[in-house]
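I'd like to ask you about the structure that follows.
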Amino acid sequence: MSVLDEVFILCALGALVLFVFHRIRGIEKLAVVFYAALLYLLIKMSGLGYGGEVIYSSFSLNILGETLQWRFDAVSWFFAIITVASGLFSAVFMSGKWGESYREKTSNAAYGTLQIALLLNVNSMLILLASGDLLSLFIGWELVSWASFMMMALNPDKQARQAAIKYIVYAMAGAMAFLAAMAYVYGITGSLQYAELAQASAALSNGQIILLSLLFFTGFAIKMGLIPFHLWQAVAYAETPAPGAVFLGAISARMGLYAIIVVLIQLIGLGHLQQIHIPFTFWNLQTVLAWVGALTTIIPTYIALKQNDARHLLAWHGVGQGGYMLLGLMTLNSLGSAGGLLHVFNYATYQAALFMTIGAVIYRTGTANFDKLGGLVTQMPLTFMVMVFSIIGLAGLPPMNGFVSKWMVYRSLLLDGEPLLFVAAVIGTLGTILSVYKLVHNTFLGQLRVEHQNVREAPLSLLIPMLVLAAIMFVTGMMPGLVLDWVASAQLAMGLVPVTYNLGGIVLASGGLDMIWITLILFYGLGVGAIIFYLLGGRAKRVHQYDNYAGGHFLTSRVRYHYSHNFYAGLMHLIGGWYRGSFKKLEQAIVSLVSLLSQLSENMYRSAQPAMMVIIVVVLSLWSISGGIN
Amino acid sequence: MTMPGIEVVFYTGAIGLIVIGMAGVLMVKNVFRMLLALVLLEAGASLLLILSGFRETGVAPILLSGHAAGQLMNDPVPQALVLTAIVIGVGIQALALALILRIKHRYHSLDMGEIREQMEHDIAVNSGVVSPASAQSPEPGGHHHG
Amino acid sequence: MASFNSISELLAQLLFMPMLAFLLGLVMVLMYRKIAARLQRRIGPPFFQPVYDIVKLYSKDTQISHGLIHDIGIVVAVGGYVAAVILLPVPGMDGIADKGGIITLSYFLMIPSLGMALGVGQCANPNGSIGISRALTAMLAYDIPFIIVVFGVALHYQSTSLVGMIDYQQAHQWGIFEMPLLAAAGLFALQGMMGKHPFEIYVAPAEIATGPMVEMSGKFMGGLFVMQSFQFYVASVLYTSLFLGGGANWFEFLLKIFFVVEIPMSISFLFPRYRTEDMVRIMWKWPVMLALIGIAFVI
Amino acid sequence: MRNISSLLFSGGLAFLLLVLATQLPFGHTSMLLGNDILQAAPDEVGTGNIVAAVLLAYRGIDTLGELAILFTAAASVGLILGQRSNHSAKRDKTITESHFITSRASDLMMPLLIIVGFYIIFYGHLTPGGGFQGGVILAIAFFLPVLTRPGTTIDHGMITIIEGLAGAGFIMIGLWAMLYGKPFLQPFFDTFLGNGIFGSLWSAGTLPLLYLAVGLKVGAELAGLLVTISEAPAAEVERT
Amino acid sequence: MDNLILVVILPLLAAFLMPAMARTSEVLARVTGLMVLFISIIIITSVWGSVDEQAVSYAIGGFRPPMGIVFYIDQLSLLFALLIPVMILLFWPWNKVTHIREYSLMMLLTASASGLVLSGDLFNIYVFYELLAVASYGLVVAQGRAGKKGEGAALAASLRYLILGAVGSVMMLIGIAIIYTQAGTLNLAHLALLAPEKLNNMAGLSAFALILIGVGVKAELFPVNTWVPEVYGAVSTRLSALMAGLLSKLAVIVIIRVLVLLFPQPEALQLMTILGMLGVISGELVAWRSRDMIRMLSFSSIGQLGLVFVAFSIPGDMGLMAGFAVALHHLLVKPALFMLASGWTGPLESLKGAAKQSPYIAALFVLLVMSLLGVPPLPGFWAKLLIVVNLASQAAPVYQFALAFVLIATVIEAAYLYRVVMILYHPNQGQQASVREKHKAFELVIASGAAVILIAVALQVQSMETKLSSMARQTGDRQHYINTVFSKLDLADIYHQNKVQQTDFRSNNQLQGSK
């Protein structure tokens, strides 16, 4: 029995136990123990992260002449450890005070259901990651979709429910595209094994590859929320209960990336994609995919900029950050793909932390609406600190880990000489910077509302995971080599050349990156700044924030003077027209089309003469039959 | 086809019956007439079926009727089949007739269009989508005459 | 191309480079104000006026702080530039330029704005917030052409290391000759980056009560003055390193950097202020176009 | 619009069927099955009327099915119309006499019709005719009084029993063969029902018995159907 | 094996006798029906598995196959012969008010359905099909008995159904006439033997089209399925479940028999593909906008039957296997869903929060719906996978379209089914929650049973696959069919040549039935 078997057994056991006892108080402790045990098992497999051998599960299934099998390689392990860690953090987050308040608001059963949903998500993702052939990949894929749906459907809010429905329709569409692609693979190769596809893909015609890639990619892109399938994700993730949002936001959508890695990179091969030119354009398939990534970094980011709810803003960024990962993977060098992969890890750390901070804010204040927040920094300084750490990561600024992965993506684009993609990525980053400032400003800075005067720091059970995540962000930012070990192994498993790195960063002849130095220098600079500020000059006097005036008015607690609504008004006004609802309109158009067709069909079924259809179909079919002969 | 014989007339007749019956089923509004058209249609089909065993020079397949020994007989099978088919038709027609009687009583109409509308309304009421009070239109705005 | 030979040399560089930058920055501030004065037919401030300003602000009695973040904002604003300065090679001193490179440097240049933004946010003054939202929008406006230029340059030199670029230029030809379009676009971006006329509406007097600075007094303002000197210095040195071949020796270096800042300083008073939106519009139009064409040439 | 399209499609159907007809072997059908049966029937089944042989022997299960269809139709009609007619029958016993000539003529016709009906049934396996035809005549015989004397009721219970037993009889005859280890509905087996003499009334094994069952069944079903339907409008008129 | 004919005969006998028996003892009549069903089940289970290797034919009346009518018993017919009494038993109208004639009709339905799957003769199939049709009209009409709720709707719906069905039957009859004119025989095995020579032409194809359309009425084939929403909307869910679950599949089986044996032409298959895929998409589209559960399930049933047609239209054994899988799956799931829907009448919005009221039922519903959609570990997924995978391996473009249609339809299906799930799990109770009908016990038993079977199949998917594929192989093997039916042909020939020795022949037991 391999460790992977143990993982699966543990998953099954955990699901069973949780299901049986989900109404009982104290289930959260059990859940934490479960994730910790899972993490332990994964660490037992950590050889994979350092170039170990693939681990197979002894369980397999024979069907349709296919052998379904499950195994872990370095890529799976890399994603799996992020998944399980996210699960653990979410579980810890919801184990304490947050859980109590959730129970009070809803019920024991509802809380148990949330735990089950989280566990099912983790389990289904592990099954997906362990898949050893297309069919098991698809099975895992569907399981993940349904588990996420369950999680999203837990919020009784109307908007959340609509988002969940929307999600399931999108997910189903994606799954169907995947299924179609899989069916074509079977049609071509007569098998669903990875190896067969990898072998056959070399001999496929361009048209076939385009069709296959398009179908596969559509399926995966929907999960990842890539352009033009980005509409479902943000609302769905944002409206999930906080620990759910933490988990889904951190890793769920990345399953799409995993599938892209497996199918498009491992099986079909990037080089192969690059050789296929799209007819009538000067693009090849690889550039198209890269551009999808680039556009995904831009459009959702600027949609995020518009949001007026912290959760939505973050979730939209989640969509946008997916673009960097894809963009990184679609570059043709090892640095870029390493950047893309590293970004998965980094992103998970700060996105989880960000959702946790928002969760903490909601826990204390009951809202994430920017119009109803502000000035919480004095009340919740630690939460604020975590948020600042995380937004530095999200914006990709030094010294947090987000910077490293983004740097790698930029650097690889530079190596490839892709100016437009580079510019697109930068536009996305700048948008992110603006947007995260809006986030931190509107929640923590500015004027504190009267009703929040007595808000206290988030409870310890919420703070601990956040602080740990913040520490991880900083440590892996300063020493990216820790994670790059895993990334390099994953790259090897993907059949790419691993990136050259050291503990501090990337080694590259024409300008590398050493985060240890950069961090030190930054802190040196800050130290100098602090000296200039604190040691020189007189002592500053602390005044209350209402001791303030604007435009000749004294700002008092009665008058709300927090500038949060319509932040960046000028910018929005300027760029609003560029993306104003065109995708939404497309989506609506499809719905209208379906509606129209549905109405037409219904009218057909309501024909006055029951026999009319008989004669019509008889005449038409006889006509077509005789047409073949005459 | 070599020479058109008497069977052409038969076949044309059968097809004619079928087509007339079909057109009748489609075009009349009165359900009773529709039933009559259905009878014609079935008659046409039966004729076609019995023709499938027809021989130009054949005689009835009855041995005791004093045909010459070598005389070709018509196929007995379709005749048996048609007998069956006719009886089946009778059963269906009787059932339809009974239904029409009851529908006339229930809906006070024999017009297929009206019957359908009332039926749709009833179904909608049954399923609770429409309240019984709302008049004749089964679905607000969604109604079309076929 | 080792940047330093021993720890002591490094420590010396760490000490000297910011100091040098500060001093040169002060001179540039003075120069800026002089140019403005001359253009307006005034005499302008005396030589030590920038120093006086800082000293005065630091020594004020009323120093109003709105909280820790308010303080940290200033610290970050200054510290970010200090760190950036160390990544910028000057003649004889490379700092740790080869550990970061141009991309890192570009990111470092965003840190001060964000630090200041944090500080302003803490003040809870809506005017400050509005101002900072405009300031960040302005940053978005000039950073895009700037990044494109950076990309073009890095692509041209096949390196992201500033030291490498300077060596290459000194061995071959200045970047401005090899990439004139990029250089022009870079100049445009530089104008925005310096936060001076005509792209300074967010700090302009009489525009919503001085914008981000509204709650800054005493040494807070002083800190920002310090930052301003660094800002001039960094902008000019960066441009010099990218396009003018850096400095082989101190004389050449100084000449170049003062020449570089002189251009935008002179231009700045010739145009009326742009509104934030207009600034975005113009920045995303002309310099971006120039830079992209420039890149096309590079490729 | 509907009429136009109906005409259009009907015309299309006519054309297509004609085209189809040209493809068919008119009047020269291969008659594979027919020839075999024509040759084998006299010996295998021993009927003079080969159609009857096909109907009851070769395709006996078809006939059973068709009886079942009639039964089903009758049962369904009974379900639809039957119940209320019982009510009305109880309340309304008035029998309207029709004209003297018709009523007397129908009285005279009835026994004649019954005799003719049974004759046709019993000679079904020898001459044209058989259970269906005879059954219809029997049904008419019982329906005639209802026509001539509107309001007359026929005992539905009787009809039910006759149709049930006749149908069961058909099946029982079939099962009888199975009792002897023969396939269902085999017309000959080693019982007292011998082979008989070809062309005589007592020939063709169980076929005459089957025809009797068919005749009774058809008669009862049709009579039941006709009576039920004829009773229905009276009930409607009364209620409205 | 000889006793198998009793599966058809005994219900008929019971049907004939029940009304007469009811005059003396109502109880006896009711018990008779149940007894017959149990006997049928026992008979079939006693021979279960005996045809796995070699199918068996049974000559009724002991006549030589092409002349007499044969019953053909293979895995497929045996399976359905078992399913029919079981399903009828499950949906038996247990209540006291049911008229004895309705029981009688149920027995007729059983008989005709069994005959339909067993028969090996084209015209005989027609007769049984008609019997099935008339019995189902009768059952629909029985809903319209005086005083019942929705009486008028049931009457009108059944009249419209009847007209449609009658026209369809005529089409089928014309088709049979054409086949007989062409080939001169009606025995399926004989026709199969002659088909390559006689039916592989335009006339043959036309005959197939006519038969397809005729039988398609019952099989809910697009576009002759306009009766479906009307009838299902008017009758009780019990009957809807039976019709959607069982009766439609029987008609499909007929088409499959005819198709496999008589018309292996690709055009025939493609005609079916086109109609099937239009059925899939149109059914799901309308279901998407329907506002109550029954109507939604009716249209979903149309869609699923379209899927069945698409599956069966794939050439080769794999297509058959896919078809069987999806047909059996639908047979299992749809009746269970109808059962659940019977307690959830009224507009969908009124079901808000129904899960809170009855969590178990809602959970069942979710499970069934997931399987219907094809969510992986559940059997529906494997069925759908078979279809999709085999569609994609076909070269003809029509199959690619069908693939696209099927997948798009699945998305639409997901949209509306999950809308319902979300409504069920709505946190707020709808206005009509209090007046909602309760589910009856037998409905829940059936639905739970279906769920249990689903899970069991999901766990035993490998053995199910073997079973299905062996069934498909046997069904798809024309030569096997011909050989089985004509296995005693030598004997018959001997007899044929020596007509003198009639009596010997008659005493020869070997001819009659096979073993």
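Note that the chains are named A, B, C, D and E in the order they appear, and that numbering of residues resets to 1 at the start of each chain.
What we mean here is this: a residue touches a chain if its C-beta (ideal position, glycine included) is under 8 Å from a C-beta of that chain, and two chains touch if they have at least 3 such contacts.
Only a predicted model underlies this, so the values are computations on that prediction, with no experimental measurement involved.
Undergrad: Mind listing the chains that sit against subunit D and also against subunit E?
TA: Both subunit D and subunit E are touched by A, B, going by the contact rule given at the top.
Undergrad: Identify the chain pair joined by the greatest number of C-beta pairs in contact.
TA: Per-pair contact counts point to A-C as the maximum.
Undergrad: Please indicate which chain is farthest from subunit B, where distance is taken between mean Cα coordinates of the chains.
TA: C
Undergrad: By CA centroid distance, what chain is farthest from subunit D?
TA: That would be chain C.
Undergrad: Once you find the CA centre of subunit A and the CA centre of subunit B, what distance in Å lies between them?
TA: Computed from C-alpha means, the inter-chain centre distance equals 63 Å.
Undergrad: How big is the gap, in whole Å, between where the Cα atoms of subunit A centre and where those of subunit E centre?
TA: Each chain reduced to its C-alpha mean, subunit A and subunit E end up 46 Å apart.
Undergrad: So, what's the distance in Å between the C-alpha centres of subunit C and subunit A?
TA: Going by mean C-alpha positions, subunit A sits 35 Å from subunit C.
Undergrad: Could you put a whole-Å number on the gap between the CA centroids of subunit C and subunit E?
TA: Distance between chain centres: 80 Å.
Undergrad: Residues of subunit B that touch two or more other chains: which are they?
TA: Only 18, 22, 25-26, 52-53, 75, 77-78, 81, 84, 88, 91-92, 95, 99, 102, 112, 116, 120, 146 qualify.
Undergrad: So which stretches of subunit E touch two or more other chains?
TA: 123, 127, 130, 134, 137-138, 141, 144, 155, 160, 163, 167, 174, 178, 180-181, 184, 186, 201-202, 206, 229
Undergrad: Indicate the residues of subunit A shared as contacts by at least two other chains.
TA: In subunit A, residues 599, 602, 606-609, 611-612, 615-616, 618, 622, 626 touch at least two other chains, as defined above.
Undergrad: How do the chains pair up in terms of touching? List each pair.
TA: Listed in label order, the chain pairs in contact are A-B, A-C, A-D, A-E, B-D, B-E, D-E.
Undergrad: Write out the stretch or stretches of subunit E touching subunit A in their complex.
TA: 160-161, 163-164, 167-168, 171, 201-202, 205-206, 209-210, 213, 217, 223-229, 267, 271, 275, 281-283, 285-286, 288-289, 299, 370, 373, 375-377, 381-382, 384-386, 388-389, 391-394, 403-404, 407-408, 410-412, 414-415, 418-419, 422, 425-428, 461-462, 465
Undergrad: Quick check: in the complex, which residue numbers of subunit A touch subunit E?
TA: 61-64, 135, 138-139, 142-143, 146, 149, 153, 156, 161, 164-165, 168-169, 172-173, 176-177, 179-180, 182-184, 186-187, 190, 594-595, 597-599, 601-602, 604-607, 610-611, 613-618, 621-622, 624-626, 628-629
Undergrad: For the complex, give me every residue of subunit B touching subunit A.
TA: So the residues of subunit B in touch with subunit A come to 22, 25-26, 112-113, 116, 120, 142, 144-146.
Undergrad: Which residues of subunit D touch subunit B in their complex?
TA: Per the stated touch rule, the residues are 2-3, 6-7, 9-11, 13-14, 17-18, 21-22, 26-29, 31, 33-34, 37-38, 41-42, 48-51, 53-55, 58-59, 62-63, 65-66, 69-70, 72-74, 76-77, 80-81, 126-128, 132, 199, 218, 222, 225, 228-229, 232-233, 236, 239-240.
Undergrad: Which subunit D residues qualify as touching subunit A in the complex?
TA: 2, 5-6, 9-10, 12-13, 16-17, 19-20
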